[in-house]
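These are the structures in question, set out in turn.
Below are two complexes that have subunit A in common, paired first with subunit B and then with subunit C.
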Partner chain A sequence: MARILIIEDEDLVRKALEFRLKKDGHQVTPCMDGRQGILTLETQTFDLIITDLMLPYNNGLEVVNRSKEIHKETPVIVLSNIGLEHVVMDAFNLGADDYMTKPFSPNELSVRVKRLIK
Partner chain B sequence: MLFRFRYLLLCFFVASAAMVFAQQSYVDEAAEMIESSLNSTEILIRVCTVLLILFTVFFIGFFITLMIARSTHRYDEQYEKNIKEKFELLLTGVIFNDDAEMQTDEWKASRKRVVKHFKKRYLHKRINKKYLREHIILLHKNFIGSAADVLRNLYIELKLDRQAIKELNSPDWGIQANAVKELAQLNITKATEKIKNRTQHENQILRLEAQVASIRLDKKDPFSFLDKNRNYLTEWHQVNLAHIIDQINRDLLPDFSRWFVSPNPTVVEFCIKMTLQYDQFASIPALSQLLYHKNQHVVGEAAKALGEFGVTEAQSDMLYVYRDAITPVKLQLLKAIGKCGNNEILPFLIQQLLQNDINIAMEAANSLKKLGEEGIAILEKQTLSNLYGVGDICKHVLDERI
Partner chain C sequence: MNRYQYIDLEYITEMADGDVVFVIEMINDYKTKIPEYIADLNKAASDRNTDEVKFYAHKLASSFMMMGAKQLNEIALKIEHNVKGSMAIEQLPAELRKMDELFMNVQKELDEELKLLNASN
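Now for the complex of A and B:
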């Protein structure tokens, strides 16, 4: 069982991901914006962070940056509906470990989570 | 809608109650008392008293209405929250399972039971169906694979598509546009013909949604709406169409030169852009013909495409149409010549470089540079020119730092 932080502003998508990851046996902490996400990862430790890119207050790239400053080893998956090369490159340059473009398959996410937690 | 109905009902009850009370005797006595007091006072005081009573009644009525409206709104909000939570549970429970798990008889039976329960318990209300449709659409936009398939099947199984198809007949274009978008998102092909009927609608947004949906849903002739399109295709409209075309299978793309003869110049412009975007080299002869089109924007767009394709044979046609072209099109022609021209065009470019128009001179200089060594040699020679601005333009274009 891994501790996973999900930062996603779309209520329904966040709840759906939470449901799916809990079903896979993980302990999930949901956050609805970048600011809350950064505050959570500053006070708690996680085995994996899943963040959306377009978030209120602090965007996903800021979350990746802060996460890598605090817990360098914690893998981060970025979810986004922007598949532009420079955006993906920015995320990877900041230290993101994986990038998934929306719409995505929940089964695929589940497999990627398992791979990164290993 | 529900709120308005309740509100009207409450107003009706309040009015009825007021009428019943008005018939009672103590109200009559009070009225007599007020009347007698009014009779015994001066006119100004009488008017003030009447106004005071009227305002008091009005404010009490207003306050009651406000309270009723607030409580009804609060009830509706709470109802919406509760029902949405239930739908979230249904959807997440139904779609987020492993593929293998979803094949088991136990899972299928359990899903059937849950869906039946929801259908019976919640989906008799139109508003609930609307909430569920919103949820399904939102999730369908975010997920692909088996999850998206399950959502689509659930949507059809709960007959939510019927409601969306019915909404296509709404007099409100906004409702129609949302229904079109929804049906396209969930790939409900049976609505294709109805949607295609809206591709020439007078409302721009509905027209765009219907055209986008037509590209997604119509498997036989998804671009047939371009045949009869008489409306101006704005840049925004073209961007949206291009975005959806980018998502479909390349093998399904038509030969866009089919619409080069369209009476609508914006359709021709759009099709030239698509020809270039998808490297439809077979359209080059038709593109060259478009240099003689009566619409200057089409000429400019055709020149741009020919330049990008590097069609040197089009150089003489470009020269021919250059003289009568408007300035922005002249600039596009010069740019295209720089990309597809050869050394035969050098004297013409020198002539343009020496023009009084700074934009034309600049574009001619850029094209000379693109033509290679001979063009660059001419530019270097012209840096010493005494003509006003020519030397500076040449130096600017030759400066590698810029």
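Now for the complex of A and C:
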């Protein structure tokens, strides 16, 4: 079981992520925007962070940047929509470890999470 | 085989992995949340705030796909990617009307699916 922080402002996507990861046996902390996400990762430790890129208040790139500043070893998966590949490259340059395009395959999510937390 | 014209529930069914209650919850949430997001997008368009139009169109694009509403997803992506470029703000009302009309059809199909799911649960 891993402790996973999800930062995603789209309620339906966040709920689906939470459902699937809990089903896989993980402990999930959901956040609805970048500001709440950064505050949470500053005060708690996680085995994995999954963040959307386009978020209110602080965007996903700011989340990746802050996460890598304080928990360099914690892997980060970024979620993006089709057409935002250039932003994904920026996220990789900031230290993101993997990315998934929405809508993500549930099985692919499980495999990618498993690979990063071992 | 997809029995519907405006939605495709293959994705949410795969996500649910046999949990019918989850599918029912997601459909109900979808029916509540999407009109809120569309209202936000309409407000941003009437305020002529292209940053917010782009933001809400982005949010809608991935949410639409949770129920496989591809036609709605295409409109949202078109708005998201073009509103600060080739699409004039004056073109938005026509796209938003199309979105409203399509969403009514999506809702009808989701109601039909809910009846089936509730009957089987």
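Simple rule for what comes next: the second predicted complex is superposed on the first by the 114 of 118 C-alpha atoms of A that agree within 3 Å, B and C clash if a C-alpha of one lies under 4 Å from a C-alpha of the other, contacts with A are read in each partner's own complex, and residues count from 1 in each chain.
To be clear about the criterion, a residue touches a chain if its C-beta (ideal position, glycine included) is under 8 Å from a C-beta of that chain, and two chains touch if they have at least 3 such contacts.
Because the structure is predicted, anything quoted here is derived from the model rather than measured.
With subunit A as the common reference, the superposed partners subunit B and subunit C clash.
Look at A:Thr45: by the touch rule set out above, it reaches neither subunit B nor subunit C.
Once the two complexes are overlaid on the shared chain, A:Phe19 sits against subunit B and subunit C alike. In the superposition on chain A, A:Gln27 contacts neither subunit B nor subunit C.
More residues of subunit A are in touch with C than with the other of subunit B and subunit C. When the two structures are aligned on the shared chain, A:Glu108 is found in touch with subunit B, with no touch to subunit C.
Legend: residue contacts after superposition of the two complexes on their common chain; A:Met54 is shown touching subunit C, with no touch to subunit B.
In the superposition on chain A, A:Asp9 makes contact with subunit C only, not with subunit B. Touched by subunit B in one complex and by subunit C in the other are residues 10, 12-13, 15-16, 19-20, 23, 102-103, 105-107 of subunit A.
Subunit C makes touch with subunit A in their complex at residues 11-12, 14-17, 19, 22, 25-26, 29-30, 33, 55, 58-59, 61-63, 65-66, 77, 80-81. Taken together, the subunit A residues at the contact with subunit B in this complex read 10, 12-13, 15-16, 19-20, 23, 102-108. Those residues of subunit A that touch subunit C in the complex are listed here as 9-13, 15-16, 19-20, 23, 54, 56, 81-83, 102-103, 105-107. Put simply, subunit B touches subunit A in their complex at residues 88, 91-93, 95-99, 135, 138-148.
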